[in-house]
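Got a structure for you, questions after.
As written, the chain order gives the labels A, B, C, D and E, with residue 1 at the start of each chain.
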Amino acid sequence: MNEITSALLLLTPLLPVVLAFPPLRSRISHPCYIALLPAIVLLLVPSVVPIELPWLLLGSGLGVDGASRWLLAMSVVIWTAAATLLPKPGNHAADNRFTVFFLLTMAGNLGAIVATDMVGFFSFSALMGYGFYGLLVSGGDKTARRAGRIYISFMIAADLLLFEVLLIAASTTSEMAFESVRLAVSGSASPGLYVSLVLAGFALKAGVWPFHSWLPLAFRSARPAVALLVGGVPIAMGLLGMVRWLPLGEITLPGMGLIIRILGAAAIIYAIVAGVKRSQLKLLPAYTAMIATGFFSIALGAGLADPAVWNQYGNIPYFFIVSLGFGMVIVVAAICWLQTDHHAPAAIVKQEDDPSLWIERCAGAVVRWGGKLGCETLPRLRSAWLAKAGSLLQVCAWRKAVDAAEYSLQRWILAITLFLLLGLVTVFLAAM
Amino acid sequence: MRSAGRRWHYLLFRWALMLLLLAVAVGLGYALLSLPQQAVGLSEQVSANMATSGVQNPVTAVLLNFRGYDTLLEMAVLLVALLGVWSLGSAEVHRKIDPEPVLSLLVGGLAPMMILMAGYLLWAGTNTPGGAFQAGSVLAAAGILLLLSSKRFPVRLMGWPLRVVLLLGLGTFAAVGMTLLFVSGGFLQYPSSLAGAFILFIEAAATLSIGVTLAALFLGGRPQAGPYR
Amino acid sequence: MSAVLLYALTGAGLFTLGLYALIIHAHLLRKILAINVMGSGVFLILVALGGRTAGAVPDVVPHAMVITGIVVAVSATALALALVLRVQAATGRAELPEEPLE
Amino acid sequence: MQQIPWEVMLILLPLAGAMACFLWPRRTLLFGLISALGVGGCVAGLGWRLLEQGAQRYAVGGWGAPLGIDLYADGLSLLMLIITALVGLGVSIYSIGYFERRQAILFWPLWLLLWSALNALFLSADIFNLYVTLELLGLAAVALVALAGGANALTAAMRYLLVNMLASLCYLLGVALLYHNFGSVDIAILAQRVEASPAVWAAMGLMSAGLLLKSALFPLHFWLPPAHASAPAPVSALLSALVVKASFYILLRLWLEIFPQTGAAPGQLLGVLGAAAVLWGGIQALRQTRLKLLIAYSTVAQLGYLFLAFPLGSSFAWKGSLYLLLSHALAKAAMFMAAGNILRFCGHDRIADLDRVAQRLPVTMIAFSVAGVSIVGLPPSGGFIGKWMLLEAALRAGQWWWVIPLILGGLLAAAYIFKVIGYAFTQAGVLRQTNKVPMSMEWAALALALAALLLGLVALWPLSLMEIGLPFGGSEVDAIQRAEQS
Amino acid sequence: MNWDAGLPLLIVATSLFSGLMIFFLSEKHVVARTTLNLGGAVFKLVLVGVMIWGVFHGHHYEARLPLLPGLDLLLRADAESMLFVVLSSGLWLVTTIYAIGYLEGSPHRSRFFGFFSLCVTATVGVALAGNLITFVLFYELLTLSTYPLIVHRETEVARRAGRTYLIYTITGGALLLVGTVWLYSMTGTLEFAHRGFVAGLLDTHRVSLIVVFVLLVAGLGVKAALVPLHGWLPQAMVAPAPVSALLHAVAVVKAGAFGIVRVVDDVYGVEATTKLGVSGPLAALAAVTIIYGSLRALFQDDLKRRLAFSTVSQVSYIVLGIAIIGPIATTGGLVHLVHQGVMKITLFFCAGNLAETLGIHKVSEMNGVGRRMPWTMAAFTIGALGMIGVPPLAGFVTKWYLGVGALDAGQEWVVYILAGSSLLNAGYFLPVLYAVWFKPAPDSWPDERSFGRFETSWALLAPPVVTALLTLAVGLLASAPFSPLQWARFITTLEYMP
């Protein structure tokens, strides 16, 4: 029995990856549904023994506990719903690629849920993030690509921050399982840095205000299947990461709690104001999500300020995440259904030049100016300097001098005279 | 201006060189004067071994017996010089001149005399000053005289016979040395009883070779006959 | 100062004089002559010093050496003279060219 | 029957070969090759004897020093003889294809006489006899240079001859002073009797100056590049590989035996000149546009290395210097032969127009490159071992500044060697007619180059030969090493 | 000669002999040449497998040849050398297959493959060298055997690149030689030992030891492309793609980095390195190199040049790991030796495929190429993401160990270097990936060739796919037994064993 559940655990993230392999996928009729099967079966198994995979990465583990069972269920439902919206597998290259990204994102999502250690969670969420970026961008119009680019910028920044978090964690404890890290960090001298890095990292990933700018764009332009996934995949996993990684209920950081609560409140106010101002039906899910994450932040801030409060919550945060996911699905589906008359199916939109993001403009400017100022001209500058130095040293003159010296050395008279002189010097030196 | 400057440089250089050479000369003179007052040489050893050398003239004894190996190599030097001259090109054809009758007569008379003289010098070398090189020089002088007076040597002598004569000295020397290696067990180690004969034999061959080699050197190039043409 | 030493010093003088001429003169014939003068100086020293013990028989080994040396010098001079002729034929002058090599 | 006197055979065999070649010009090849093989056998025989019985002294004519002349063979002379035989064999095989008949009949007797002179020189224990062999060697070398014909070769030969005569006279004057001071010309006897006096200083100055002139130590190298560059290729190989080394050998002997207590100053001076030679020769080689001149200047530079042992003076340094000498002989001979092949193949030796020689003449180019590895001193090659030993000796002696010329010289050597190799790989603008190169010429060059390479892998063997008769004195460095290890 | 002494020699000799034999084959003998090439490579791999088995079972493989009195040429299989041997012989096989496909029909193949084999011989020799003199020997041999590969194209540009390469490497070799001799004159031995062999001289020869360290690192740093000495690497890009792959991933650059590992770990030993105070400057130099290389890569449009500067940056991770004295960071540095090789070789294979199949040489020409060559570009993507350090690929494992090791050793600044470098890596790789996958393809490629069934010939396609899978595998299975990481941990345990 244990072996079967272990295999199921392994297969949950593995099967989608395997199915993403193009030759396999094209031979199977409904790869997106089949990929979900191990997860579904896993949900039916009453008790799952977590497994240790010491050979995987830096030693990982997989497992399903009470909270993550709910999350898994939510994911399965969301992915099934999204799969129904997928275009029929055809010969279109863009659709094929879309399916690949779909499966990869699925693998990342399911894997992150069943991961029991930080490195595993980090790896799966990275896979999920890059896959989701592909989903956003492939076949979308220019707004979608813009959203994708903002998303990937945030994600890289988030990954960097979370990598630091991992390093800090690893230097405090050798075990990377959630529980032991939580314990170790809460016992460490200054958990503040750790906590703030985790918060910033996952806020970037989940699109929490003020890192929300890709959310409205995504909802405005993405395919229905992708719009359906936004709530359950990046947002839910970001919030889950906070809950899993933070030593909540064990440390007391009142200052930080206050700040987070203020930020949460600001997010809610902003979302309401912006949502009323735009008043576009399609953008409603985005503002809903922002309001939800704002509430979550307030709750989290309260938990940080006072561990007792957090401990009272119990499993509520998990349920909150689950219901957020479900709620988003419903909202999106409803809006889809409302707009289905005048919503053209997402197809290949005419490719045109995208207006670049501010971050890209900055990066581009850095590259341009950096190139002009230093790096590109550096070899030229160096060679110019060398040339200058060369002219100072006058290589030509040196050459002439060398030639002239050899010429005079080749002359019989001078050479022999020199030789005499040397003979004399030798003798006198020796005689001394 | 420029040439004047050069000239000045040249003069300066000359004077510097003279001073330098003066220093060399002074140093050399000082070294010579500082030598021990009494000659430290090999006179004693030479006179002690004269009895077994086979000859009475100590110079010949040193040349052909005590330090005979040097002389052997010296013959090789002559051969190398000749080959070197030959490698430069063939001898120029001398102008066909009609020698004056006086010269012709003189040469006709002198040459046999000189050959005879060479023979005497060779013979005398065993006990008084004289020897192979002196004899050879005289022989060479005779040959050069003949050449100058446009006496042509027969072409068939310019090939193989000429080369044999040229090699005679070196060849004999080396052959005797090798033979002695088997006879008395040492290279150029004469049995004391036969030393005189061996030395005379070698000297005779060497005289002939030296004479002909020097005359051939005078020609300044390869002979116009034979495979070296 | 004995006569022997005088000979020897003369030899040293000849040596340096020859050296001077060898350096200064450009014409090859003069150079060859200069070398022969130097050689004579060396031979003079070699022979003369052998007899510096008054009244004793002069050392004969240097004599033999000088004879060998003379033969060698003659051979070298002969080769040198032949070469001078060839150099003159090839370059038109009996001097060493003093241009640098290409 | 007594032991066969291999020493005498070594001198007489090539002499006899030369005479035979001279007498029967149509059979030069036969006699030449027989002599070459015979000399190889004699060297082997002598080497065997030395290994069994240690250093050998042979009294010519049975008189013995000081009256007679002695031949003396120890590890140093044996190694010089071996290297002469190896290079000699290579050159003999190479010249089969190189010379046309007219030149061959003069080349073979001259070359065998040169060989004889070299063997006699390396075996002689008598400074006057050394003078005679030196003259024999010099005249033969001049004659061989002149063999090429043409204005360049003739003027080079003329210059070379004058230098030879001047140098020999200086040497002879030194011999005269030593003889009249100590009454002997035998090296061993002189070594016992010698004591510091003005005459000894003068003799040392004169003899060293003469030998330095012949060894072309900077700034006395003026005659070497034209002579070595304008001679026929096998002759260039002989001159660079062996002839300049002969005078260095005499200097080494004198320095080791007769003038060991000269004080530090002359040694340092020679070291400085050697360093200057390394750098100057390297720079000049780099500046050359013609291949043979480049190689000739490389010889100037490489000869400079040999003199770096003089300021160090330890037996380890001497051995390193000798090792460099041996590997340079092999490598430089191979290099000149390769240059000869390229000259024959392309009809010119302008470096910039080599035009893919690497592809079209691969064996030759491999030979050149492998020889270049040894010249640069890259491992594994004889040049590397020699350089390593010199470096180690310099650092052990605390005279670290000698490391600089050793390293810079290697870099310069790499620069000029790879300049050639680089152009050999690239295409030139103009295509030219090419001539065929005989196989024997290509493979002879490669064999010598590989021998230079091999010298870097079997170093213990030559080093153990150097111990025969202890020509470099007790090996104090080894003693230090042993003490450190225990 | 017994088997334990013969095996190292045999491993070095397999490629030497196949190389020498290939020289004498004429251009026409394609089958014989291919057989020799692949046969040699496979045979070597088998022998290496035997050796790993043997080392694991406690065999002591050691071959000695006397070089000078008291100084031997020593080939020895220890844990560090096995890491490098496996890398070089494994990737040699892959690269050989690739080169056979790449050079099909081009001239001078015998020469090329001959030197190719010699190059690998030298690399394996560097790996197996048991003392510094043997190391120097093979290190110089490596210089010599790579030169003909760089000038293989026979053009003026190639000759200049070759010249630059030699100026750098020969100078470096000379410095290395001086350092080696100097060290030998002080210690009297050069044999690598687990905790170094200079400890006894720390008090008496402090300054000399520092100077020697600088000489050795400068000599090795040339090949490892540490920053002021990196100039040859981008220029050497004129060489054919398999050569670039070999230079960057397997042989030259790695030999330099491996040498620095040897110097710090087995010549000086970590203790002496710390006591002499040279580890800090070395780490700083490596950090500067990492950032500088990434910055330069950002500005390159030529794909191979971009990859070359990326190499400059990435190889210094190895040096950085070694210079942060500590077991975890050292593990990271060592394991990057393998990881960087696998990733970078993938990228160069892909760049070569682009050039060979479509004539693409510039980043700006790569728009939409992912649709034309999906397999190649998938491999490229994996390699590039690995370089950025995305989990679970190879680069992540390295960065992880370097970061943890730096924190462990109390050097927090390294973490910022790593973060900055990752950011820059993303900066120069992600736009490429975006252009490849999401930008529209142009109407025609610069110089397209058709290869029938696949997007390009199978010999060009298989190697990058295999190495991309390896990139994934060494990251994913990092903790499995016999993985590079485990082997590196094993080495570190030996080095830091109390």
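Keep this in mind: a residue touches a chain if its C-beta (ideal position, glycine included) is under 8 Å from a C-beta of that chain, and two chains touch if they have at least 3 such contacts.
Everything numeric here is computed off the predicted structure, so don't read it as measured data.
For chain C, the chain whose average C-alpha position is most distant is A. Relative to the centroid of all protein Cα atoms, the closest per-chain Cα centroid is that of E. Chain centres here are Cα means. That of chain D falls 42 Å from that of chain E.
Averaged Cα coordinates give chain A a centre that lies 70 Å from the centre of chain D.
With each centre defined as the average position of its C-alpha atoms, the distance from chain A to chain C rounds to 93 Å.
Residue positions 128, 132, 135, 139, 142-143, 146, 154, 159, 162, 166, 173, 179-180, 198, 201-202, 225 of chain D are each in touch with at least two other chains. For chain A, residues touching at least two other chains, in rising order: 403, 406, 410-413, 416-417, 420, 423-424, 427.
Contact between chains, per the stated criterion, is found for A-B, A-C, A-D, A-E, B-C, B-D, C-D, D-E.
On the side of chain B, the complex with chain A involves touching residues 13, 16-17, 20-21, 23-24, 27. Listing the residues of chain A that touch chain E in their complex gives 22, 54-59, 93, 97, 119, 122-123, 126-127, 130, 134, 137-138, 145, 149, 152, 156, 159-160, 163-164, 166-168, 170-171, 351, 363, 367, 370-371, 375-376. On the side of chain E, the complex with chain D involves touching residues 23, 65-70, 108, 111, 133, 136-137, 140-141, 143-144, 147-148, 151, 154-156, 158-159, 162-163, 166-167, 170-171, 173-175, 177-178, 181-182, 184-185, 188. Of all the residues in chain B, the ones that touch chain D in their complex are 27-28, 30-32, 34-36, 39-42, 45-46, 49, 65-70, 73-74, 76-77, 79-81, 83-84, 86-89, 160, 163-164, 166-167, 170-171, 174, 177-178, 181, 184-190, 227-228.
Taken together, the chain D residues at the contact with chain B in this complex read 2, 5, 8, 12, 15-16, 18-19, 22-23, 25-26, 58-63, 66-69, 105-106, 109-110, 113, 116-117, 120, 128-129, 132-133, 135-136, 139-140, 142-144, 146-147, 149, 154, 173, 177, 179-184, 197-199, 201-203.
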